[in-house]
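There are structures below to look over.
Consider the two complexes below, in which subunit A is the common component and subunit B and subunit C are the respective partners.
Here is the complex of A and B:
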């Protein structure tokens, strides 16, 4: 009997979730009963809840708490724990980014933190179950909280338009998931997404209704991840939402959706089954469409925020390549790197905003290299990483994903992915050129006194450079996690 | 005794009608109602499946789906009211501040 006393495995499996939900309730109560409305106390409570959740995740990892709990409703494995880590980091980054931003943009910080905790909890539920109903409930907790979060700038027309569009498309996609689940349940007699599907891995033994149901579920997940041709809502929502919420929307639903996709498709895609013959080409086409749709549309954007929104669609395409290759380690590594570089780039956008205004158009970046060299250099590094230049983590992440695709024999897909990332270089470099080569007509001055935001930018830089130059520790950790998978 | 396949067919028809209405209508509230029709079509499908296979799980799911639909309605109606207050209209073709 050591210290700390051992926690029962099923409690430990639930602990990361319980910490978040308890934190969310506490934050919402504080928000309702606190006298001072502009205080940062709710944010500190929320960060503490996220850290507690991270702590329990690490403990779960260290004691090897993998297994199935609560009568098969809760599945804890290395994939779930790793993705949970990414989700929690994203949550912490979003809260730190919005401390000042919320006050400047007339947003309620307490509501943002409470909703954020619930949304992260929903995403966590999604990744730690293979039961269709539980995945659906997690998806809805995540979605409903996200709709509200994207409309939190209540005076802002763009923000509420984003919320309305996200709500409409999101609930539409949710209905697809339910109907698909009904068909899969009816044909396989089981709610377990993986078991029911692998039983029917040969399509002849798999009734047509079940195949349609699976297609509907995949469609709903594609909506959430913003995969072409179901990405039309994404740029508007990402542009209109408050910038820290955009960071959340471009990372958390994508990570959770991709993890579910991996869980569902891995047994189907491995081997020369009839299902693989149908799904591999379909997924490859979706991946190629997503990469090119995102990158080509990003080329002609005048707003940097919208450009980054399209870039995040393109990155969903690269991540889908990892799914087609069936390579879980490279998927998780890419998600981790994407968290750092995408979060960092948007954090610089947050730093450019001030009381009551946001500067996100390309012209606002003119001359940034001279006036704010640190900010400009950070943004350059994040953009180079997003483009995939060698010393940064973005290069390695792409290298592993495309390498996995080649190894699995998807040569054409890898070639298309490389071509798409070449197109992407053009618009990432455009921002850098504007920052360093153009002079601003009216120098936009903004004072910065936001240590939390700079901590996020610093950690983003650290992650991008550390994972780019010395990825050994993180990589071997992730690889080892999936060797037993 | 009506065969379960008939219920399934009905739910598929209802679901398709919901999808159709979602794309045809240009009004936030009506489109949201179309989504509700789709959710309830799924409920009917679950009940038909539960009856056919004799599994109670199908009936339990319906309760969960109804709860989720209620939660979605709360947030959705709040967003629609917000849109109406700002713009005095809830037509979706008026929602075009965000363009690339």
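Here is the complex of A and C:
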């Protein structure tokens, strides 16, 4: 059928990663040796590397190249391939968004592209392994590159503060992960996160040190996803980082961390085991806390960027509901939709920024509906989707996640999630009201000459509306992927 | 360690003694130097001197590990602690530019807590040592020494080992991006 792969399966399994790393090296070499520093060549090379990575992912998918490679360190399955697709799309969106933004905000585009490729490579390593050591190394590659990216606006104090804060807190989370891994390895004798844990599925056979180790690993992952007791760093970092990097931070680490969580917890939570009796309530409480902490704090924000930062925390809570329900298809669908709506909303923020400054306060959006009807309409659609209104994809994503929770018997959790979504409507609508009902004091002129950014906004709109109105193709693809999972 | 249960293979002169506590005498000077440097570190009031004495203590420990025929532990001790971590300490001291010595502390709750923690650590080590020399205990040790470690790194853990290079690259580029000189003024 089709074309037989000209490359052996183990190389094909590594190919998406190799494409990214090769691209990163090329970008960094170009950055070091190219005479013209302000060129956009590094960005084109980076997008090409991401597209090559996507190509190899699709080839892997088409030939059904799933399996375990490299002595069990590399695991390719449908979950890994789907999430890799989401990660690559997010990477492309971030680079396209930052073409003009980098020049305006005095950022080095080459460094941004190189670090971004490395970070996506790290996330890819995380999702395509069940080996604790490899997951940790991938997490660190992702984190180290993210710390640097959030501080790339070197003239801006908030950006440097974001980088320092993220670095300090992230290092602690990394230490938690290593310590937890050491405990799990010491008690089970295996670095494999899934096998070592499902073997001790009954808590009596589950040594205390191993349970503590698992708890520490979960804490580290919760930190990366910005789940509620460990989300304190997130608003400052998301607000201080350059806006395209914020898009990256709100999507890629969350997607990778949730995929790892799903891999670790799915065997543990399925069935009436004693482990499930401990971890299901813990995860439910974390999910509820996250949703309410994010949404209630977002209500009080004056800056739209910070509001969206809190909104992304709340969305991590909704995504966690899918994990509690153990429903992989709805999780991946939500991630895909979240990529489009969140990326789109931040892309409008990027479009509003000017040379050397950003317009992110609520007042800057006053009268946007009259002056820039296209931008205002796009932002409205993204916000309605984030809030979960019916014709958009955000509604369907929430519907599937909450439906899965109800189906698995987590009625209270689903009710809490719906209540949290209702709170969220208030602040999403506030932005829309300001855009259409208030008049601006001073009309601000925008730089409209940024085709790449408008391509991102257009693709975001397409994704939000297409997945909202005709989700059939994507859904059947995702469902089919997990039938054998 | 192939056959000695405590894991001590002691080389004194040209003859090798294998056993529990025979011929520990030649370790007396490095141990004394190690304890002395730790004491000097605690008692010295100058931060740079503290750090340098700690480097000396770590190097002595590394030397002790080497004399006890644990070359990997010795190398890791010198590279990781004396090399990487202490350089970080010294950089921090340099960056904060601490000129005057730290004020003399009173014997407060902190001293008390430190003493308790020290005792707990000592008890832990004592229990571990007693268990290790108890008859019938299996010494974990290094099964095949450095060669085995290298073989594992390039077979089972090749993927993880290669990712480490990616991690170092990311850290390098990140540090350069954050701290490097601005292009073109």
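One rule holds for everything that comes next: the second predicted complex is superposed on the first by the 480 of 485 C-alpha atoms of A that agree within 3 Å, B and C clash if a C-alpha of one lies under 4 Å from a C-alpha of the other, contacts with A are read in each partner's own complex, and residues count from 1 in each chain.
Criterion: a contact is a pair of C-beta atoms (placed from the backbone, for glycine too) under 8 Å apart; a residue touches a chain by one contact, two chains touch by 3 or more.
As the structure is a computational prediction, the values presented were derived from the model and not from experiment.
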item: Which superposed partner A:74 touches (first subunit B, second subunit C, both, neither); value: second
item: Contacts of A:383 with subunit B and subunit C, given as first, second, both or neither; value: neither
item: Touching partner for A:43 - first (subunit B), second (subunit C), both, neither; value: neither
item: Touching partner for A:241 - first (subunit B), second (subunit C), both, neither; value: neither
item: Touched partner set for A:163, first subunit B, second subunit C, both or neither; value: both
item: First, second, both or neither for A:108, with subunit B first and subunit C second; value: second
item: Which of subunit B and subunit C A:133 touches, first, second, both or neither; value: both
item: First (subunit B), second (subunit C), both or neither touched by A:193; value: neither
item: Contact breadth on subunit A, by residue count: subunit C or subunit B; value: B
item: Partner chain in contact with A:154 - subunit B first, subunit C second, else both or neither; value: both
item: Shared subunit A surface residues [contacts with subunit B and with subunit C]; value: 133, 137, 140, 144, 147-148, 151, 154, 160, 163
item: Footprint of subunit C on subunit A - complex, ascending; value: 21, 24, 28, 37, 70-71, 73-74, 108, 111, 114-115, 118-119, 121-122, 125, 131, 133-134, 137-138, 140-141, 144-145, 147-149, 151-152, 154, 160, 163
item: Interfacial residue positions of subunit B with respect to subunit A in the complex; value: 8, 11, 15, 18, 22, 28, 31-32, 35, 38-39, 41-43, 45-46, 48-49, 52-53, 55, 57-58, 61, 64-65, 68, 71-72, 75-76, 78-80, 82-83, 86-87, 92, 95, 97-98, 100
item: Contact footprint of subunit A on subunit C as seen in their complex; value: 155-160, 163-164, 166-167, 169-171, 173-178, 182-184
item: Subunit B contact footprint on subunit A (complex, rising order); value: 133, 136-137, 140, 144, 147-148, 151, 154, 157-158, 160-165, 167-168, 171-172, 174-176, 178-179, 181-183, 185-186, 189, 191, 209, 235-236, 239-240, 297, 300-301, 303, 306, 310
